[in-house]
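In the two assemblies presented below, chain A is common to both, partnered first by chain B and then by chain C.
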Partner chain A sequence: MKKAIYIFSSGELKRKDNTLYLETEDRKNYIPVENTSEIYIFGEVNINKRFLEFASQNQIIIHFFNHYDYYVGSFYPREFLNSGYMILKQAEYYLDKEKRLTIAREFVRGAVKNILQVIRYYINRGKDLVKIDERIRELEGRIDDFNEIDELMAIEGNIRECYYSSFDKILQNQDFKFCKRTTRPPKNNLNSLISFGNSMIYTIVLSEIYKTHLDPRIGFLHATNFRRFTLNLDVAEIFKPIIVDRVILTLIGRKVITKDDFEQDSEGLIIKEKAKREFIKELEEKLSTTFKHRQIGKNVSYRRLIRLELYKLEKHLMGEQEYSAFVAGW
Partner chain B sequence: MFIILVYDVGEKRVAKVLKICRKYLTWVQNSVFEGEITESAYKKLKLELKRAIVEDEDSVIFYILRTIKYSDREMLGRKKGGEEIFL
Partner chain C sequence: MLLREGLKVLNEEINITGTLVWYYFICPRQVWLMSHNINPDEDDENVAIGRFLHQESYARERKEISFHGGKVDVLGTREGQLVIAEIKKSSKAERSAKMQLAFYLFELRKLGIEAKGELRYLEEKRKEQIVLDEQLTREVENAITRILKLMYEPVPPKPEKIRWCSNCAYREFCWA
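Let's turn to the complex of A and B:
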């Protein structure tokens, strides 16, 4: 499996001897180009066109994050899997309100089912979440009643808010109070972890989309616009609870990340580098964990699972098989 | 699969072989590389190396491990190179 590389240090990243080369103040590193799928850049790195050309040639996506870990953007190389047919299909399903709703609903349903799975795990471990579980189930029952995307988004938001409030009961940690979801900038420790995790999963899904014929610009739940990729946001909804949130809960539960890992800055909270590394390490571990997939009867990793989800969507768009979102069985 | 590559080639060709290996694997110490690699990349690597070396004089050995689950890696002395996903 090709690997993702995370760059925190500052230096110069370039093409050298037909491979990738990162020179920092104290080290020189060669990165095997044939074994790299994507690069995440958090540090201050200099890059030139020659390097970008080389990355494009080798189908390596480069994701950039700024000082506050906000997603800046990606160098999304020229599509190497070009399918006009798929783009037309995506557009067709987007423009037809009924068709778009069917897919959008499925994303929300998948997300909620996976949320409930996380909640159930903690109920089994004696956490008092029955009320929250009931409330989410009640909201879930209403997904089919809505016939507007906006309403669907709203109910999804309600469910997520309700779900995040359960984190306080799960963690019972004074340093990580949820209070309420805040973004740009996140106002407390837990919120900043959630934001960091979410932007990571968005880019991971984007990297997987790159390997399919789908166009990341056309999402179904999130409105397609002029600014950003949206299909990855849609698909990420399904995986946030079972990947990102589980990583967050584990790391705080095991006290790998504590309140000392955050710093207040004039513009917002900053997660210290050590904590970011721990987070990504755990996330990578999660992504490479394999389990036996029920339908295909083979061992697949979580990362592969994301790709399979995209293939299912392709099948749906081609009218071969109805799309149904992945729901974790554990 | 996971491979460990060691080479012993004529002085003139060392730099060439080194550069080829760097594209696919991680440098561990002089003349030693290791890393996870796909079947197809492994084939490409072998092909490239074959072109670069003189078969009567040089030698390259690949130790192939299907999985590193049951293996261990111990070290003595200073760490010179090795795989890292954080840079």
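Let's turn to the complex of A and C:
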């Protein structure tokens, strides 16, 4: 199985003979190209065109993040799986308002169902979340009433706000108060972890989209404007609660990440490198966790589950099988 | 504009190849998917094994000719007739192999080239001669018609659990 490579240090990343080579101040490292699916770059890394060509040949996506861990962009090699048919279908379902709404609603429904699954877990562990659970269910019941994408986005926002407020009750940790959702820059520790986790899942889904025939620029819930990738944002909604949020709650709960892992600089909060490494370690562990998939009859990992979700979407666009979002059963 | 260009792409790509004939007799659904450029999972190791076998087997003896319907291995001439071969791992899909080779013979005949066929099964070290007689010609013509019809269907045939599924690179796509 190919692996994702994460680079936090600064240095130079280049092609050396027929493999990847990372040179930093204190280390020289060969990275086997055959084993690499994607590269995440957090550090100040120099690269050249020769390197990008090599990455492209080997179908390796490179995701860039800036000093504050904001997603900068991806080097998305020229599509290697290309189907004119699938792109037309994707466009057709985007342009037809009813068809687009059907898919967008299912993304929201899947996201909410998985949110409720996280909430239920903590209710079972004695957390006082019954009111929040009720409120979310009430909002969930209204998903079908809305016939505009904007309204769907708004209700999803409401649900998420309500859901995040449960984090205070789950964590009961003064160092990680939610207050309200803030981005660019996140105003507190918890918000910066949520932002970091969300950026990670967006790029992970993007990497999986690359291996399908879908065009990441045509999203259904998130409006397409062809300037950025949006389909990955759509699909990530489903997986945020059960992957990202569970990682965050685990790491804070186990005190693997504490308030000392953050520092304020002139422009915003920074997560220290050690905490980012811990985050990614936990995230990778989660992604590689497998369970038995009923239809396929084999064990699949969470990362694979994302790919399966994309396959389901392809089949919906082909008119073959109606898309129904993945809902965690536990 | 986008639509028109897309349709052009689709039309250009609709033509039958030997590989599609092979797959048709294993799983028609796969033919529909492949002809719509919905390729299988590239990470799948069986795909890689196939590629390797093709590169390594009979490497000395072999020359290739490419034509409209695909690429076929040339073994040389025997009694003044061209002999072409199709190499397979085993005879598990005998009918598929036979029809694929027959299709090549048929396509070559359309180009005015009379050839004989030879199937080679690596695991069994077995050869089988294929002659494009009247009956086989009819079968090929028949298959071509059915494959074309299938390719123009708006949706693929429903997935069916068959014995090939467990090693198929479309497995996850079909059953997700």
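Please note the rule applied: the second predicted complex is superposed on the first by the 329 of 330 C-alpha atoms of A that agree within 3 Å, B and C clash if a C-alpha of one lies under 4 Å from a C-alpha of the other, contacts with A are read in each partner's own complex, and residues count from 1 in each chain.
The rule we apply is simple: contacts are C-beta pairs under 8 Å (C-beta built on N, C-alpha and C of every residue); 3 or more make two chains touch, one makes a residue touch a chain.
What you are looking at is a predicted structure, and each value in this text was computed from that prediction instead of being measured.
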Once the structures are superposed on A, label A:G84 by its partner contacts, choosing first (chain B), second (chain C), both or neither. second
Who does A:K3 touch here: chain B (first), chain C (second), both, or neither? first
Scan A:S301 for contacts with chain B and chain C and give back first, second, both or neither. neither
Just to be sure I read the superposition right, which of the two partners does A:K312 touch: chain B = first, chain C = second, or both, or neither? second
A:K211 contacts which: chain B (first), chain C (second), both, neither? second
Please work out whether A:T250 is in contact with chain B alone, chain C alone, both, or neither, and reply first, second, both or neither. neither
On chain A, the residue positions that both chain B and chain C contact, one per complex: 2
In their shared complex, chain A is touched by residues of chain B numbered 19, 22-27, 35-38, 41, 44-45, 84-87
Looking at the complex, which residues from chain A come into contact with chain B? 1-9, 17-19, 22, 24, 29-35, 277, 280, 284
Partner chain A, residues of chain C touching it in the complex: 2-3, 5-7, 9-10, 13, 36-39, 41-43, 154-156, 158, 171-173, 175-176
For a test of understanding, state which residues of chain A touch chain C in their complex under the given definition. 2, 59, 80-88, 91, 211, 213, 295-297, 300, 304, 307-309, 311-312, 314-315, 318-320
